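Working notes, structure below.
Chains here go by letter, A, B, C, D and E, matching the order in which they are written, and residues are numbered from 1 within each.
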Amino acid sequence: MPANLFPAPVEIFRFLPEIILALGGTLIMVLEALTGDRQPKNALGHVSLAALFAALVAAVAVHGSPGPAFSSMLLVDGFATFFRVVVIAVGILTVFSSYRYLSREGANTGEYYALVLFSVAGQGVMVTANELIMIFIGLEISSIATYVMAGLLRDDARANESALKYFLLGSFATAFLLYGIAFLYGATGTTNLTAIRETVLRADGPSPLLLGLAAALMLVGFGFKISSAPFQMWAPDVYQGAPTPVTAFMSAGPKAAAFAIFLRVFVTIFEPIGDRWEPIIWVFALASMTIGNFAALTQSNVKRMLAYSSIAHAGYVLVALCARSDIGTAAAMFYLAAYALMNVGAFAVVAYICGKGEKYVGIDDLAGLGSRRPAVAAALTIFLCSLIGVPLTGGFFGKFYIFKAALESKLIWLTVLGLLNSAVAAYYYLRMLVVMYMREPGEATENLEPLPAGLRTALFTSAAGVLLLGIFPSRILEFAVQSAKLFGR
Amino acid sequence: MPEGYLPLFLFLIVAMIFPVVALGFAKLLRPSLPSGAKLEAYECGIKAASNARGRYTVRFYIVAILFVIFDVETIFLFPWAVRNQALGWFGVAEIAVFLLILIVGYVWAYRKGAFEWV
Amino acid sequence: MSFLGWFLLTPLAAFLLLLLLPREQEKTIRVAALALSLAIFGLSLGLLAGEPRETDLAWIPELNIRYHVAVDGLSIWLILLTTLLTPISILISWKYIDRRVKEFHAFLLLLEFGVLGVFAAMDLFLFYVYWEVGLVPMYFLIGIWGHDRRIYAAVKFFLYTMAASVLMLASIIYVYQRAGTFDYPAILAMLASGKLTFTSLEQTLLFLAFFVAFAVKVPLFPLHTWLPDAHVEAPTAGSVMLASVLLKLGTYGILRFCLPMFPTAARENAGWIAVLAIVGIVYGALVAMVQPNVKKLVAYSSVSHLGFVILGIFSFNQQGFDGAVYQMLNHGVSTGALFMLVGYLYERRHSLEIQDYGGVSTPAPWLSTVFLITTLASIGLPTLNNFVGEFLVLQGAAQADFRWAVFAATGVILSACYMLWMYQRTFYGETPEKVTHQMTDLNGREWAAILPLLALMVWMGTAAETFLPRISAANRLILQQTTVNVPFNVQTPAPRPDVAAKEIADAR
Amino acid sequence: MQGVPLSWYLILSAILFALGVAGFLFRRSIITVFMSIELMLNAVNLSFVAFSYQFKQVDGHLFTFFVMVVAAAEAAVGLAIILTVFRNRATLNIDEINSLKY
Amino acid sequence: MLDTAFFYAFALLVLGGALLTITQRNAVHSAIWLIVSLIGVAGLFLLQKAEFLFAVQIILYVGGIMVLFLFVIMLVNLDEAARERQFRGRWWVALGCLALVAAETAYFVIKGRDAFRFAPRPETPASPLGNTEQLADVLFSTYLLPFELASVLLLVAIVGSVVMAKKRI
């Protein structure tokens, strides 16, 4: 029995954010159990917010002492802290925008907030994991919590169907991912990422054939999770069916965490066989961008359109991955942060407009928002400009930085096609602007209740964030470049 | 094949063969002239009103789920039980944390009425 | 942060200030907007005086993107034109714009901010940012306050420019990746000193990417289809700003960026571009002749006039350059005035079709005299502004290739035809009774808006010497940059076989 | 280590995985689709144990153990979701659950 | 020799069970064949000296999850579903895919026969402890964090399933 292995206090400190989130979730469940059904559940929402903010502070504090923890199960470095902050921020914005939505749908139960906390904790584990088992368990915790959140409105047939589809394809993807991990374990003999990296880089390392097989299988698993091209059929249905705050959460949180592990596994471990999987990722990136943009052109439902646009944005991040360089990783990190903010913001506006039972979810239901609620319309305009890639917004700078990285590694055709794709994307985002500003108010915007407090905070923090990333990106960019440089060394 | 398990497998094989052989012979030997009345589900002589397999109610299902989850919890305790002297207080602390979290789940499920059998 | 840096941020400050005003008092919003834009115009006059007109601050150090803005002979007058026209367009939309007044004036100031930025940007990234920022307010101006088919026109306007400028972004990044910096003067220095060289294929592709983005904005002949729709649907103030300032972004971009960076490719392609320009001149004039709608007519006349500018630029000599830049200013003044006057007519008669008018001169004599002066100016009557520009362009074109000058001259004649014919149909002949009681003469506000432009027309026509020296100084520098690398029509530098082949081989 | 060579186990788990994938793609009723996912997970467990038997170490066993725990948790939640789908709609036939297609 | 015999027996169980699981029309029959396949896999675990996993497979998979499956099948009385067409589209497409995957796997195994040289593992001394004890040592020392996270996972599963299953929460 190895010597007393009580984890050193610094190791527990490095795992603090996830501990806070898990304890917060448990606390909410205890409170939920004690209070009957009479008390309003907003109090539990505030508890979850407190836990999220504490975790955010902890995540920033933990950055002070980077390094492995719990016998190198966990590795806290710049990369991990960056994604931890993004994931927790998405959690905070989701909770803010779901107060009003839940009480309107009558599903204002404490469990929703507990599940958000558990899902964010799972994503935190995924992002800091330095061990394949940790990646797998973190992925499962966040996925199961998100499956249940998607199906929370049990009597709404669409929510059920979206939860079912999300569950089936999620577990299908996890099975592929596991099979890839099995072969990786078979090839290198260990499941610890740093150890695998050494075995792979060694001269007599495992055969590229076996690594290629493992990479292919894991690529299928990751492809599903980030909803990139060949595996994106589930995303539109699930995004449309699930309740809107949950869709906002799903499109930003788990996707960013999935990209984090995708980057960690592919950029550090499968680097030697890089020229094998790079053409595949090239094709995936182009396919996602094209399918996402062209399919979104014909949509009339806002959520479905934003789902296709999120597939296209997954394509852009894949372009950064395809660049296979430090700048590429930094570009992907920056883009995911900007993407998370603008997407959660856009869905928050949809959550505000969609009314009880998500009646008004069509693009035409946004008619006349500009004249009825100019502030909300201005926020949505900022998000749409950022999604299009108009300068002075985070989206533009992210896209610019990605294509700079791509051009640096000679992906000239991918850059040109990617940019043309974003020009095509401008059309369907413009349709929303047109409807919002240039049409007379329809029935949806006529009887809109005033903007609730929670949603107002969510909207304006994400709008400010998008503008900040656009106008003064150097602070965050410099942090991303620093952590990408010593990522995986 | 660890030698200890050979008898176990022999037992398994015998257990599988015996019912097959017994039912097989019975089927071959007995006369079989099936008729409508014979095939009906026997409900103490009363005319069978509906399909033999009635619908179960949901609460059976919830108990089954919680059984599986707490079954997994007990399986986690097996390795600990085997090595608890070597693990000592450190092991006890780990298991305490593990059980505490699951007890919260149990209390929550209880308060939510998952176990009521009404 | 020198005076220029602060000056360029004042429109943004004005935009934010306007947003803070309450929506209801439309009067105060109009007055505030007018006061702010006049203040900005006053400030811009300050640019003329002081010498150090440059600001260079670090914006994003990691990618060495700098807030590097500078003003030279080429851009000083364009900036002044923009700052002059913004208060004028606020003035003319006093009665015209009645709904959502606050957003209208806010977008106008944001448009001014974007356009001023483009004229002063010396950093490629900053240039692209201002280029796109200028696009969004114009889209809203056309889309919200336009006439019936405004949404189609607005979306078409946005997509045309967006699709073209996306390729420009790709080439900007490519140049950045090869040069290591976005700073335009530094890139030019590297090009001149030979540290940075593009193979002939690279240079042509990059030139075409930049050129297409600017040609859409000019608009050059095949890419002009968005202009008539945008003009017809835009409100008067929008049309004025669009015609006099936004179209100049394209030509300014070509002169500032396309020519000095890719001189060889520019000279190689000068041939077919000049032909396109001439086709634009003649085609624009012919189509304008048959237009029933006044605004469409003026729009096609702009296509024709800007054909002259392109012709001047691609004749690669001092007169051609000076003529092109001067013609840009003239076109801004005269076409801007024309659209304002058409706006006055529309305000009175609420129709843009020519046959609804007739004999306007009897009820509104002053309006018709002012309209006459502007028409004569736009067709290039000597002593008025366009004549100087067109004359210089034709002189430059003749030096480059005599046949160009011959065809271009026909354009001048054609423009005289359709303009005068339009004038005759609207202002002379018998006055239908609907026109008589609807048509009133110019009131004080309208006079105040049109007078500065009239004065400018005469001043620029007669005393061109006040404007030309600065322009020709800047043009001489640009001309010198385009010739220093390679004299006219000599073969291109031997392409480095390894780089070009490898470059294309592993382009993925 | 005369026993059965490693590659036989790998072939077996590959075929099992393929059967699971085929079942997932081509069966109509959700319960059978869910069972094929369990088959795939079992194929993964098999290859994990085969590799760890090859390396003579216990990490593989531990990974399989965690895969089983997760499979149990997933089955519980998944079947609960299937239950709600059934409660709202009498069928468990995948093709008929397509209200989200327009 | 005995091991290969047992290997073939269990392999037959596994593959036969799997094939019949996905081809059976009646859900209950599929469940039963799945149980047979799981027992086959448990046997294979035993063949590879993983007694703890053999026990967990039997208790957890067969005892727990399959009970759940049968409960759900009972609950939603799938017999009318049995009458519906079970296979979507053309089943020869399924066979085609299966053949493709089998060919691919065979290619991997044959071509990669030599590729399976693994990193030379230091010969860990056959420790006196039994399989479960070894596993316990590793589980509670190096893999402590996954163990604690497993409890969080189970908690999420409890919340999730009860929230979904209860009619009125």
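The definition used in the following text is that contacts are C-beta pairs under 8 Å (C-beta built on N, C-alpha and C of every residue); 3 or more make two chains touch, one makes a residue touch a chain.
As the structure is a computational prediction, the values presented were derived from the model and not from experiment.
Path length between subunit B and subunit E in the touching-chain graph (shortest route): 1. Common neighbours of subunit D and subunit E under the contact definition above: A, B.
If each chain is reduced to the average of its C-alpha atoms, the one that sits nearest the average of all protein C-alpha atoms is A.
Here the largest set of C-beta contact pairs joins the chains D-E.
Mean C-alpha positions place subunit A and subunit E at a centre distance of 31 Å. Put simply, the C-alpha centre of subunit B and that of subunit C have 81 angstrom between them. Between the Cα centres of subunit B and subunit D there is a gap of 20 Å.
The mean-CA centres of subunit C and subunit D are about 65 angstrom from one another, to the nearest whole unit. For subunit E, residues touching at least two other chains, in rising order: 3, 47, 49, 52, 56, 60, 64-65, 68, 71-72, 75, 108, 116, 118, 121, 135, 137, 139, 143-144, 146, 150, 152-157, 159-162, 164-165, 169. Among all residues of subunit B, those that touch two or more other chains are 58, 61, 65, 68-69, 71-72, 75-76, 83, 86-87, 90, 101, 104-105, 108, 112. Among the residues of subunit D, those in touch with two or more other chains are 10, 20, 34, 50, 52, 54-55, 57, 59, 62, 66, 69-70, 72-77, 79-84. Of all possible chain pairs, the ones that touch are A-B, A-C, A-D, A-E, B-D, B-E, D-E.
Contact residues of subunit A toward subunit D in the complex are 132-133, 136-137, 140, 144, 147-148, 151, 154-155, 157-158, 160-164, 167-168, 171-172, 174-176, 178-179, 181-183, 185-186, 189-191, 236-237, 240-241, 301.
Every residue of subunit D that touches subunit B in the complex is listed here, in rising order: 69, 72-73, 75-76, 79-80, 83. Put simply, subunit D touches subunit A in their complex at residues 10, 17, 20, 24, 30, 33-34, 37, 40-41, 43-44, 47-48, 50-52, 54-55, 57, 59-60, 62-63, 66-67, 70, 73-74, 77-78, 81-82, 84-85, 87-89, 97, 99-102. Those residues of subunit E that touch subunit B in the complex are listed here as 2-3, 6, 43, 46-47, 49, 51-52, 55-56, 59-60, 63-65, 67-68, 71-72, 74-75, 77, 79, 132-133, 135-137, 139-140, 144, 147-148, 150-152, 154-155, 157-159, 161-162, 165-167, 169.
Residue ranges on subunit A touching subunit E, taken from their complex, read 1-2, 5, 7, 15, 22, 25-26, 29, 70-71, 73-74, 109, 111, 114-115, 118, 121-122, 125, 131, 133-134, 137-138, 140-141, 144-145, 147-148, 151-152, 154, 186-189, 199, 202, 204-207, 209-210, 213.
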